[in-house]
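Both of the next two complexes hold subunit A, though its partner changes from subunit B to subunit C.
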Partner chain A sequence: MRLSRNWLLALPLAALLAGSPAQAAGTLTIAQAQDPNNWDPIATFLISWGSVAGNFFEGLVIRDESLKLQPGLATSWEVLEGGKRLRFHLRQGVTFHDGEPFNAEAVKFTIDRLLGPEGKKGPQQSNYTTIGSVEIVDAATVDIVMKQPDPVMLTKLAGYGAMMVPPKYVTEKGSAAFALAPVGTGPFKVVDYQPKVSVTLEPYAGYWGVKPKLDKVVYRFIVEPDTQLAELQAGRIDIASNLSVAATGIVSKSADLKLESITGPTVVVVRLNTAHGVTTDVRVRKAMIMAVDRDAIVKQILMGQAETVTSFQSSLSFGFDPKQAAVPFDPAGAKKLLAEAKVPAGTAVALDFPSNNTTFREVAQAMAGYMSAVGLKVAVRPSEQNVYTNDIVPNGKTGEMFQFGWGGWTFDYDNTAYLMYHTGEHWNPYDKDATLDGMLDAQRLIADPKQREAKLQDIAHYVADHALEIPMYNLNTIYGLNKRVKGFVPPPDNRIRLQTTTVE
Partner chain B sequence: MTGFLVRRFAISIFVVLVVTLLVAWAVRLSGDPAVMLTGAGNVTAQDLANIRQGLGLDRPFYVQYLSFVGGMLTGDMGRSFMGGSSVARLVGHALPLTVLLTFVSLGLALLASIPLGVHAAVNRGRLADQAIRILSLVGLSFPNFWLALMLVLVFGVALGWLPPSGAEGPSSLVMPAVTIAVILTASTVRLVRTTMLETLSAQYIMVARAKGLREWVVLYRHALRNCAVPLITYIGLQFGGLIGGVVVVERVFNWPGMGSLAFDAVASRDYPVLQACVTVLAVMIVGINLAIDIGYGVIDPRMRNR
Partner chain C sequence: MARRFRSLEFILGAALTLLVVVLALLTPWLFPDGGEAMDLSARLIAPGLNWAHPLGTDPIGRDLLARVVVGARVSLTVGVVSVAGGMVMGTLAGLFAGFYRGIWDMVLMRWADVQLALPFILVAITFTAILGADEWKMIGFMAITQWVQYARLIRSSVLTLREREFVQAAEAIGVRNIAILFRHILPNAIGPVVVLMTLNIANNILLESSLTFLGAGIDPMIPSWGGMLSDGRSYLQTAWWVGVFPGLAIMLTVLGLNLLGDWLRDFLDPNAKATS
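Then we have the complex of A and B:
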């Protein structure tokens, strides 16, 4: 009995029994589905990391809500030697949350750590391999020396792996401790982190820029969208960041709540198996695209909370071609193409997707309906997400069609196109096209943005001409807000910025 | 008795070992923690190989398993693949919450089901009996997640009396505990009623009544004690199922207990956390059953000498 009583008095329970007050003024509570678990910038690629950590980490450059690059910890920069050298003039008088000064040493430490053995353990290093070395010019100036020009590098310096970390703190405490108690230069500092429960931020008094108006920000990790909705309705959270499409009606009808939705980074397509089955025939692939009324799917199933796409990128992406036309919904034309390809009516095809994607489950049913109208019998095949992303897709075990959602925070089409279409890439089990490989490789070497954009647009057209995928939609990120929240700008890259936000 | 206990104890340890081995093996059959670690983001094969090496997943299975068992024996549960938190710390936060939730639910269920079951048995065939039986059937038919969502809608959202989720105060415990208790009560009531009916027809009950004892003394002192063995056996058997139900309920109420921890660990293939969760829960279930075996002796003197 003594033992169990001690258990009951353990710390978390003491906190539990003490209870907690209702929402305090000046405190903003945000629910998000996932706990990124690790706050170290070089160890993560999770959207859930970016939506929190952008408030306490900063890079040399900052990307604002409209996705424009702004001076961050560097006040200005120069592109030298044809893009082989990037020179940064550092902001003076900046300190980390622990009081450590930010300077050229910190930049060198951060990038060296990212490219060294510590970075090797995480997923970020591969994004920055075009960097050769960091040279300190003087205390306020650093050069990043490139192995080759990298047109996306400036954008990459505004997020994730290149977030500036404090050399002394990281060296003394070690990476494992840093991962749980991060220190950056951002407007907020982390004051408490309870794994799987919450992370609490407070304004950093020594911040160099616009100081936040909030007294406290609490991110609560709530997995179930319905639970987030209930908490929002009960007035216990101010922002729900993972609402289901079905919840949008409830939120928009409520007197206390409002809906903010914005184009998200993730684009969903149904990729086609070009190596096996009837989909090896380009006419069949084209017929499949024509068979599905994607506008109706967006309107009816996704309640308008998405936009149809013409290629595997959103309209905000670098490489997007506004002139690229959608393949029109044309069941008669689809039937004709299938007849030309000698595909008999009632031919069985399969559509694979991860089972936890309840939204796509409905979309898949609708697609099966549209395809049966042109004579294709679709088996809808959900699989557990981990098995799906680790085995079924990379090992080429899908049916003729498989769902895939992708989108990089850099909003650069290269990020998606290279990984999806280039021969031998992890996520590309089927496509082998030397012409396409050549186009993908060539654009990476072009420093001129205009030229590179044209090349990326060519790639999007090439993919559409060869019907490698059924372009589906770009899902909105849907935020449910309590009306007491003011000045919240929904970010298209999921990176919530809270400097201008207030709570009444 | 001692020989019996030693034997039962040895079997319990064997069961726990088999369970951990099965789980460690099965969780590695599909999925890859390295990919989950990156959120299935932009990764190359080289990144994945580096991450696997960092996590020690490039070692043979038996080495990984033995190092896990060795770690558990020395109290070192290792570090989570997701962020490197100490597994002991994660379990240390989650376990008391799950134990609290489980025992409060169990207590509520017993508090409700014993009087209801006894009342139904005494009034066999009458309106009260019918009503209790129908109610318990309704209770049995509720899926726990549905009941949980309905409670949240009514008490969390519409009335605003209780927090819809989290573990922030005693009020947070009410809805999850009631959800589990309702379903457990429904089945336990039926058991209490049946065993009570059998007991009430026994001669010593007639004797007790003939002695002029008050009815509640007859029911709760004499009759109920003889229902205790089947009841405790049943609760012991239910315990595994109870823990299973806790996983769902914890998730709906965002209760940061062992269920939520294990569920996330499965989804992200966080082997150290999942293995630790399963081991701890297995020890708990096996331990409860062991305690019940010992408990028989306390409750029923006839069993002490067997």
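Then we have the complex of A and C:
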């Protein structure tokens, strides 16, 4: 059966066949924009990976929909030696989808692989460098020995690079094969993966926890938000996970559909070029922030499907300061600052952004409109997305302003601030500030959460005082649902969990 | 002669083209703000509801009528200048290749073959991804890729013309080559080129729209029809007018130019109609 179906799917028609038939009872079809291409936990940093792979991979700890840590493959854990040693008591009787047992060896294999040469090839290793080694105490107990205390490590063990992988399967098949046919311990197993088309999951009968009620889950990769909407309206998908803001009105008015909108992990800012052009002057940067009515943009263009931010983090983030005030919209003040900085009216500046972001395309034009009102002539420059993320931003080829969205799935400000502002970081082409570097390094060594939170808040204030960016908004994740889907809880971290979900 | 001008093709084609040209020339007076004035509180107003915005407004509250009309300027500039550039390059190359033959002909024509073998949109997207895009780069790129069409057309005419008696007569009495080329051959070969130009202006307007629609074209702040179509795509179900009016503008302009080109072909070569 399996063989013949695979053979059938190899036909060119398969792309159509896979998506079009009416759904059998208990089959849930989800559309998402991006295919992560590689299911290996150590080889990805994409949100689109987490929204699928969270269903078939698990870590020692699990983070639930309210972002609280819960026991996962470890039933309990202890923080020993002042945070230098984390001891995990492993769940017994857990097996991987291929039947391999999960035990202390698997934990050691996973972490060693992450920190070893295989992990070095991927982007995940850098998140876990505070781990020194893994020591097996007995078959049911492992210690993670830290080089230094890392307050975020427990959260990091709940996702991405620290997802447990089966030692025998990975060793025998090799990483390249594992990346296309992943095996984990999660409630679902992968039965079929067609790159750029779909990935199909079925419940794993040997799962240790709450068994899923669905018979099958199909994720279809549909790039265009408008196509997702059309498929949702036609009933060919049950959940559209990347609707455009413009589609919200249509979905909420439809009798068969409903809208679920929740604070998302992605915060969007417009970063300012502190190395070249007029934006090297802090007064100009401040004027740019004051010139743009961000409340109006969120209310009108984003139809309230976002929340303005005061720093590069959402209100759910560790390091968020509720007392930090937004810079008010003040075109007159902006004009005054620009005059002080001797920036003549009509000065040309450029705003770069990736061309596939249709929402930001509107926001960018609105920003340009606001800035022209204070005398800055903005060229709005869309670039092809791959060129944008791989060349223009990291190599510092942007204009005075550039859009940047970052989703720290750990919801810890360190994960954003360090990568954005620390000298020499990949995503930081311009800022070089020894004071800021010092603050960023210092907070990583603080074990006490209260003190570290205060330090992170200081960093956010410092960044705002120096106007390194125009804080824009925290965009909601907008799900469009067919009403026959029951028990779907929209997750704030985009990691869709489907154990309680059913389809009528 | 007068009867030729009474054809429906000519009247409709000329009227549409003239309308677009006149509007494009008048924009600085009609819409001094260049269609850039925005008002977030007046976004997506439907056409006919507000006399200040007869065609409605776009997603950031800019007047669509102003943007569609100002967009004509961008489209026509791109269309006309790129075609003129391609025509000049192609005509020169075609004249020399056809008249002197030999190694020049070989090199130019094989080069043309290579250029014709490359899919245009792919090359265009690669080009803009590397060099970035603005109006003038796009114009330059279109001219550079399209000279081939004119060169081939001219060359084939020159090949037959240079054997004709009047050219040989000119040669016999010692007229210089340059004079033969531009005084005797070019005027006789230019007819089909003019027709191709009108069709290519229409093509290039579409091309500009496609590239801008794909995000590889003109700054979204500058009203261009392709960019406006792109803006309107997500609103087709909720606010059709954002995409439909620029789409109509493209359609009418291209229709006008095509009709005119068709008519011009019949006008310059009445036999073509009977034989083709």
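As a working rule, the second predicted complex is superposed on the first by the 483 of 504 C-alpha atoms of A that agree within 3 Å, B and C clash if a C-alpha of one lies under 4 Å from a C-alpha of the other, contacts with A are read in each partner's own complex, and residues count from 1 in each chain.
Here is the rule we go by: a residue touches a chain if its C-beta (ideal position, glycine included) is under 8 Å from a C-beta of that chain, and two chains touch if they have at least 3 such contacts.
Computed from a prediction, not measured in an experiment: that's the story for all the values here.
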Per-residue contact with subunit A, leading partner among subunit C and subunit B: B
Subunit B versus subunit C as contact partner of A:Leu67, first or second or both or neither: neither
Subunit B versus subunit C as contact partner of A:Glu384, first or second or both or neither: both
Which superposed partner A:Glu362 touches (first subunit B, second subunit C, both, neither): second
First, second, both or neither for A:Ala176, with subunit B first and subunit C second: first
Partner chain(s) touched by A:Leu154 [first = subunit B, second = subunit C, both, neither]: neither
Contacts of A:Ile222 with subunit B and subunit C, given as first, second, both or neither: first
Partner chain in contact with A:Val327 - subunit B first, subunit C second, else both or neither: neither
Those residues of subunit A which subunit B touches in one complex and subunit C touches in the other: 226, 384, 387
In the complex with subunit A, residue positions of subunit C that touch it: 36-38, 40-41, 43, 59-61, 125, 129, 132, 214-216, 219-221, 230-231, 233-238
List of subunit B residues in touch with subunit A within their complex: 30-32, 35-48, 50-51, 54, 79-80, 82-85, 89-90, 92-97, 99-100, 149, 152-153, 156-157, 160, 163-173, 251-254, 256, 260-261, 264, 267-269
Complex interface listing, subunit A residues touching subunit C: 225-226, 229, 244, 246-247, 249-250, 293, 296-297, 300-301, 355-356, 358, 361-362, 364-366, 368-369, 372, 378-384, 387
For the subunit A and subunit B complex, residues of the former touching the latter: 4, 7-8, 10-13, 16-20, 36-39, 43-48, 120-123, 125-127, 176, 179-180, 194-197, 220-224, 226-227, 230-231, 233-236, 384-387, 389-391, 408, 415, 419, 426
